[in-house]
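Given below, in the form of structure tokens, are the structures.
Both complexes below contain chain A, partnered by chain B and then by chain C.
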Partner chain A sequence: MEQQASENYRPTKNPCRLCTPFGACVAFNGVAGCAPYIHGSQGCATYIRRYLIGHFREPVDIACSSFGESTTIFGGKENFDTGISNVIDGYAPKMVGICSTCLSETIGDDVSQFIYEYNKNNNTAPLPYLVNVSTPSYCGTHSDGFHKANRAIVKTLAIETMKHRGINIFPGMLSPADLRYLKEIMNDFCLPAMLLSDYSDSFDGQTWDKYEKNIEFGTEIKDIEKAGGAKASIEFSTTVDDESSAAGYLTETFDVPAHTMPMPLSVTSTDKFFELVSSLSENPIPQKHLSERGRLIDAYVDGHKYVFEKRAVIYGDEDMVIGLACFLAEIGIIPALCATGGQGGKLQESLEKLLPEMISQITVQEDTDFIDINDCARSLEPDIIIGNSNGYKLKRQLDIPLVRIGLPIHDRIGASRILHVGYRGAQQLYDRIVNAFIEIQQEDSPVGYTHI
Partner chain B sequence: METILKGRRQQVVKKDGKDINIACEKQSLAGSVSQRACVFCGSRVVLYPIADALHLVHGPAGCAAYTWDIRGALSNGPQLHRMSFSTDLREKDVIFGGEKKLYAALNELIDRYQPKAAFVYSTCIIGVIGDDVDAICKRVSKEKKIPVLPVHSEGFKGTKKDGYKAACEAMWKLVGTGNTSGISKFSINIMGDFNIAGETWMIKEYYEKMGVEVVASITGDGRVDDLRRSHGAALNVVQCSGSIIHLARRMKEKYGIPFIHVSYFGIEDMSKALYEVADYFKDETVSNNTRELIQSEVNAILPKLNWYRQKLNGKKACVYTGGAFKAFSLIRSLRMLGVQTVVVGSQTGSPEDYQMLGEITDEGTIIVDDTNPMELAKFVQEKDADLLIGGVKERPIAYKLGLGFCDHNHERKIPLAGYEGMVNFAKEVYTSTCSPVWKLVPRRKHLYEQQVETNCSGSCHECESTCDIKTQCSGAA
Partner chain C sequence: MSGNNKKDANKVVDELLKVYPSKVARKRAQQIVINQKDKELNVPEIKANVRTTPGIITQRGCTYAGCKGVVLGPTRDILNLTHGPIGCGFYSWLTRRNQTRPPTDKDDNFMTYCFSTDMQDSEIIFGGEKKLAKAIEEAYNIFKPKAIGIFATCPVGLIGDDIHSVAKKMSDKLGINVFGFSCEGYKGVSQSAGHHIANNQLFKHVIGKGKEKPKGKFRINLLGEYNIGGDAFLIEELLEKCGITLVSTFSGNSSYDGFANSHNADLNCIMCHRSINYVADMIEKKYGIPWIKVNFLGADASAKSLRKIAQYFDDNELTEKVEKVIEEEMAKVKKAQKEIRPRNEGKLAMMFVGGSRAHHYQELFNEIGMKTIAAGYEFAHRDDYEGRKVLPTIQIDADSRNIEELTVEADPVEYQPRKTEEEIKALEKAGLEFSGYEGMMPTMENQTLIIDDISQAETEKLIDIYKPAIFCAGIKEKYTVQKSGTPMLQLHSYDYGGPFAVFDGAINFYKTVDRMVNARIWSFVKAPWQTTGKPVLEAELVHN
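This part shows the complex of A and B:
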């Protein structure tokens, strides 16, 4: 069996994913008063910060146990204790979000035990919540880390509480603009919603009067505590596994019904989302959103000829790819290659279910990398690439447009402002895609038409 | 809440007299948000520009993902260094070992990309799971007939500096394996320049104009074959001493090649570097060429610099670099532009470096080792700096507080070395510190209020958006 695995084995060349603690740190950054903490070596923390800064262009503080040689031999307990104490001194957090790394997992550090002892030995002062998630990168990707961290947060914070009419939303790794939009929608429905995790302000903030310990923004802990009393949870993911799902945890423990659905990037899936929210809130869909939907359809009509039967290469996190594929199918673009570095193994199955008529025209690559994506893409003769910045090399080789969405976007400004979900997200993306095609038509024309 | 954690107080000093007593060369304090990376990062930085070698990161995919094409190091030929290769170990490999995968990965990648050599970087977990990386490298090397060089860069085994050393050790295995015939007696290796945005090319051109042959550039726009014959050079010219000095020492011990320290940043240091190289060769033609070159280059840029100086005079800067050596040059260059350095620090400076920093900075300058965002922010506010020079990790600190920022790290895309580079540097500093956007940033607004006040008619757009003293204006034009 071992032998066989190594026969299929291929090294990863230009990865299409990031590591698990990365996702966990994103999640932790979206809880108000939470200081993210990596139990492992300094390098991982710094790389992850560096990468997040490149995408969001905002300060990202992630503390770390800074393992040295002796830590690795004798275990990380001492560094953990010092590290946590220093984070508490430095940031006065309400919660410390602790994730492990490949190294601390490999040497077998038992972080839950460390936390237990830390709480016991420091019981004189009120301590912040210490939330722990195990994120060795040799299992899974940043998406998994993100989901697992959300689950760990809910698991540690949610308590037995009165039932209330609010809901929980686990939207997945979206942009700050998406998160704001979701909050606006909930507001319009007069439906209290606990959105986890909400890094819209920590990763897309204003300039400061003095240097802030950038941890105060995000989902309020008191709201997370009440998650178990919610009327329902909505989770935008069809690929998250049961052990990693925060909504799943709330169902298991507090009987909160979970509605899982694809990331709503298309009209069809956004309709479902709005209908669901409407029924949960017992309020009709506000006219504002219906009008937005109407204008979107109108735009679809205006631009349909430019996009019909074009072929797209798309890649990224599984859930984003699924949402995007549905959107493209809806406007007549064939998502000829749907690729992900994710290892959940549910992309093919989800696409078969959601796009039965189109699936025969779709190549699916899972647990893939950019060299394989590029090799395959070339043979598919695509017209457009939609995904994060890492598709740029392919764009250059094929000389076709790249429409940037998702994460990472490290070669453009404004990643935080890209909308993906809902009618508004579809509108933005639609305009960008159509305009990309129009631009080609214009540029390629020998006379350079000025009216198209 | 404390801005300077207790465990770090010895790592911050304010210059007061000459002696700088600062704690440095320590493992980062657990729980502080260090700006440092790891041993692996150090090795990867140094070897990264070797463009015709395969760089395989042995470990989980993350470490490799974060270092994929992030640097500005250019090559005029192969681009292999800009790819990210990883053995991508999974859970079961952590238990059973990753040797098989390493072997398979090397085979596949060498066949596909035909590199001149391969570097295999060990990441943290390799130091724990006990793979015999050396043995695999040796085996593949024999089978594929190219050097396959292990880089012992397990992240936790020290600091970035140890990574530099590990990289030098790996390169050392190549040095002395090539043919040195035909090398001029006026020849050097450029060491410690990484060809960020083409800097090595500029420097190389200067040397060539002087009549000095560059045997190998280590590692900017680097090639395996050049490294192999680099022991044929008469002199090693070492920049960014921390990263590459170990290799220069090795070459001195074994081949008797002397080395000198230089810096290519700023007019002063750049010219000094060229003069020192010329002096070493004691040749009249070379000396004359050098003098002419420097004169013409300096004359060409002085008017431009003077223009910038007028704009920048009186501004204050905070400089935070990886190695301390670069900070010296930056302080001098800034001074030339009329900018005073009020905070300076590095990730990996040595006691001698800090002593030197103490000597060239003004009284009251804050000097820090291995700082973190909170401290850095405190210092720039305390000193009311206008500009922060650092890497992308420091950028948000500057921008959030309304300071200009200049990227002086390996990730930048603009050449800042050499004479042309000095103009670019001045331009960078100018473009950032003199932008009108700061007028709108609340924390920095006060700096401009004076101006608004004197010109204030009370009805202009400026008043609407920025003027706090609007109430005092009559409102009549």
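This part shows the complex of A and C:
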């Protein structure tokens, strides 16, 4: 067969995306009692653990099938059976979240069939849920793996159930601080919410009095089982594919209405989010949050002189970039370059829809890498870079500030504590951005004023 | 928290094995050994370099990681291109342990870059060779490197891409050295297989290609030193001070030309026996350069290693210089030891890392009075535990057979024995051991625990039983260990600190460990009401 290497093919240099099973492992880590499991060789589990541990500075356990040369020839079933049994024996999980790799997919292992047979052959003991998601790393990015895993979780766990007044929230790949804040909001509205996946404790834990199995924290399985009876689902994503959307699955299967919206990093989006939650809960927006909104707008007014008409380079996961672009546009910063390594192809479209008045000033790069981002960024004369740690090289070249958000952040402490969403997230991010500009003014001044 | 030393080792082993189903426990029982030396320093056999059981969380990496990350990672001017989907390239991009110092700003340094063919599903179906060729060409056009290395990830071998023929073709076309590494992640038991594949290819494609005769009277190569935390920089300075010329390092702070000219050195000094001993053997056969084992971790070990090198070259001026340097350095070291040792005397350490690190760092701990109660490697073989003398008795299994064994003969032009047989014999008689390594177990005390490929579950149990003052391993274990209030030092990356090599590094190590072990933060892990046993409620009642 003819090999393909299209004329415009360029190798990826300094990538702006991670691989698909990475995202699936993040999702699995946020379900209480779920042991994440990679069906493939041990290097994938080790690399993904290493990367997550480096970002969150927390332990992360991921088991795997430890493929060897013979496994790749004869198939991975035997390793799968042994591996799953050992995980069940060692961790007593309520669920095993299984994702594949490029290796097991290339040799054509049918994990669904393996699971079917495993359940059939071990039917004497009560088995944990075995959730399967196909994540070959040559298809999609870590964001796709994350969404697909969430969908696989609800697909396997959600059952016909009584309708209830609670809701489901699929917030996307946010920080533990964001997840905690969302739970607080739901609590303040007295609205039961199933947040998937909730890794706020597994990826931002405390010191231990006694040894704790790291898989014990996260969304309760009983709550996921009831997801089909919820009043509505909210999904913070305008780019997720229909076939990868967990909220979409619940609509298709259980008629749960889905509200998809951009990640609420801006006041406009957060207002919509609060209005929606208010109507779903049939409770007014609590004064505490109205006050936070008020203080945020007050801060916008105070700090506007430092930020307006500045130009930013932003990059990262599509949904984070969209949310961030909306926030920046709101405070008067032009998101001159919006870039993502994601391949969903919906970034441009979403930005056109959300920022029609500004889109002509925005360059959009999709399926890109940091070399192309850097090349383009230089021509745009930006004042600030906002994104993960991998923009550091560009920061050095351009000698402008880098405000770190998203993932990975390996060169600062506290990635788990960065807030992105809601009034509080906007407040935190706003202060960091404004202070970055003030610092430049101060540093550049020969006098060194202390009142700026 | 000096730790609990008074444990019956047999009972501890039983406790460790309890966490497993019986089949796994039987296998692990052969990898967990209680050390027992006889007078000839014979030790019990340990099972090592065997596959991890699926479902057991190991700290091991893969073949690709060992090849691209460990061995070629610290080389600055070979452009490394990953052929495969994006993940593997991303994860091995600019990890902090890869430090380098190009001689000038104009010299190549590609370490800050990650190059990947970023394979998509269409290549999995139709093949990725064309994309690979294009990627090599683009990389060449942008950077004009001296050499390009291609690293295969898991799917590459399976879909039938022949990276070596693409490499050959592109090498001819571009006129530079392009070579491939078939380091698919599933090959071999651990990253050790990747080291072997990397070293074989360097031997075949780079070593001996250089034409430059290095200057200097005493020329050595340093093998198995990876410049973690800048260790190589300190070693380089020290050797220079002694008047010893370092032709090349495999591969800390290394360059293509260093490798290519390494056949012009007169002695190979091996730091990490595991990752590279076979290269030293091959170089000896092909070029006639003998090798000795050295260790620059630990002040005493560093002094000993310098003396070995001086003994080999047998030159009065060199010996005098080496002794003078040792004397100067040791004065500083002793001063630091005197201050730090009393605070740490008798405290327990554990270390599970590498293929030689778990051995070498024991020297440093000994120097401040700390005792290693349990140790093990992540990817070593039996000879690294029991000593090189067991090599002939190691059974070659299917996994090892997968790794190419190169057949090496003396080079018709370049082979030149550096010492006559008589000279070697005389040196041996005087106590200099060639081509030897004693292994970790003979240097450890009886009743200490030796654990190969320790799992996450065993780690947790072991800490719970012994409550060591410090635990050393990598970032994957770090936070679990620290959660329970035990300081944890990463020996893969030195917690982004270091360097710890030679004399200044040893002082730095003592201070680092002292700071970690005796930091106040550990006393806050338990809240006052947990340590005093006073119920919280009682305190509240007083207010009421």
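We adopt the following convention: the second predicted complex is superposed on the first by the 445 of 452 C-alpha atoms of A that agree within 3 Å, B and C clash if a C-alpha of one lies under 4 Å from a C-alpha of the other, contacts with A are read in each partner's own complex, and residues count from 1 in each chain.
One rule holds in what follows: a residue touches a chain if its C-beta (ideal position, glycine included) is under 8 Å from a C-beta of that chain, and two chains touch if they have at least 3 such contacts.
Here the structure is a predicted model, which means the values were calculated and not measured.
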item	value
Clash or fit (per the criteria above) of chain B with chain C on chain A	clash
First, second, both or neither for A:Phe327, with chain B first and chain C second	neither
Partner chain in contact with A:Phe28 - chain B first, chain C second, else both or neither	neither
Partner chain(s) touched by A:Phe114 [first = chain B, second = chain C, both, neither]	neither
Which of chain B and chain C A:Pro11 touches, first, second, both or neither	both
Which superposed partner A:Ala92 touches (first chain B, second chain C, both, neither)	first
Common ground on chain A, meaning residues reached by chain C in one complex and by chain B in the other	2, 5, 9-15, 17-22, 37, 40-51, 53-54, 57-69, 71-72, 79-80, 82-87, 89-90, 101-103, 105-107, 136-139, 205, 207-209, 211-212
Residues of chain C touching chain A in the complex	19-21, 24, 51-65, 81, 84-93, 112-131, 133-135, 138-139, 153-155, 158-159, 185-187, 189, 398-399, 402, 456-457, 460, 464, 475-476, 478-480, 482-485, 525-526, 530
Interfacial residue positions of chain B with respect to chain A in the complex	1-3, 5-7, 27-41, 56, 59-68, 83-94, 96, 100-101, 104-105, 108-109, 123-125, 127-129, 155-158, 373-374, 377-378, 381, 392-393, 395-397, 399-402, 441-443
Chain C partner contacts - residues on chain A that touch it in the complex	1-5, 9-15, 17-22, 37, 40-51, 53-54, 57-72, 79-80, 82-87, 89-90, 101-103, 105-107, 136-139, 141, 205, 207-209, 211-212, 214, 393
Chain B partner contacts - residues on chain A that touch it in the complex	2, 5-6, 9-15, 17-22, 37, 40-51, 53-54, 57-69, 71-72, 79-80, 82-87, 89-92, 101-103, 105-107, 136-139, 205, 207-213, 371, 390
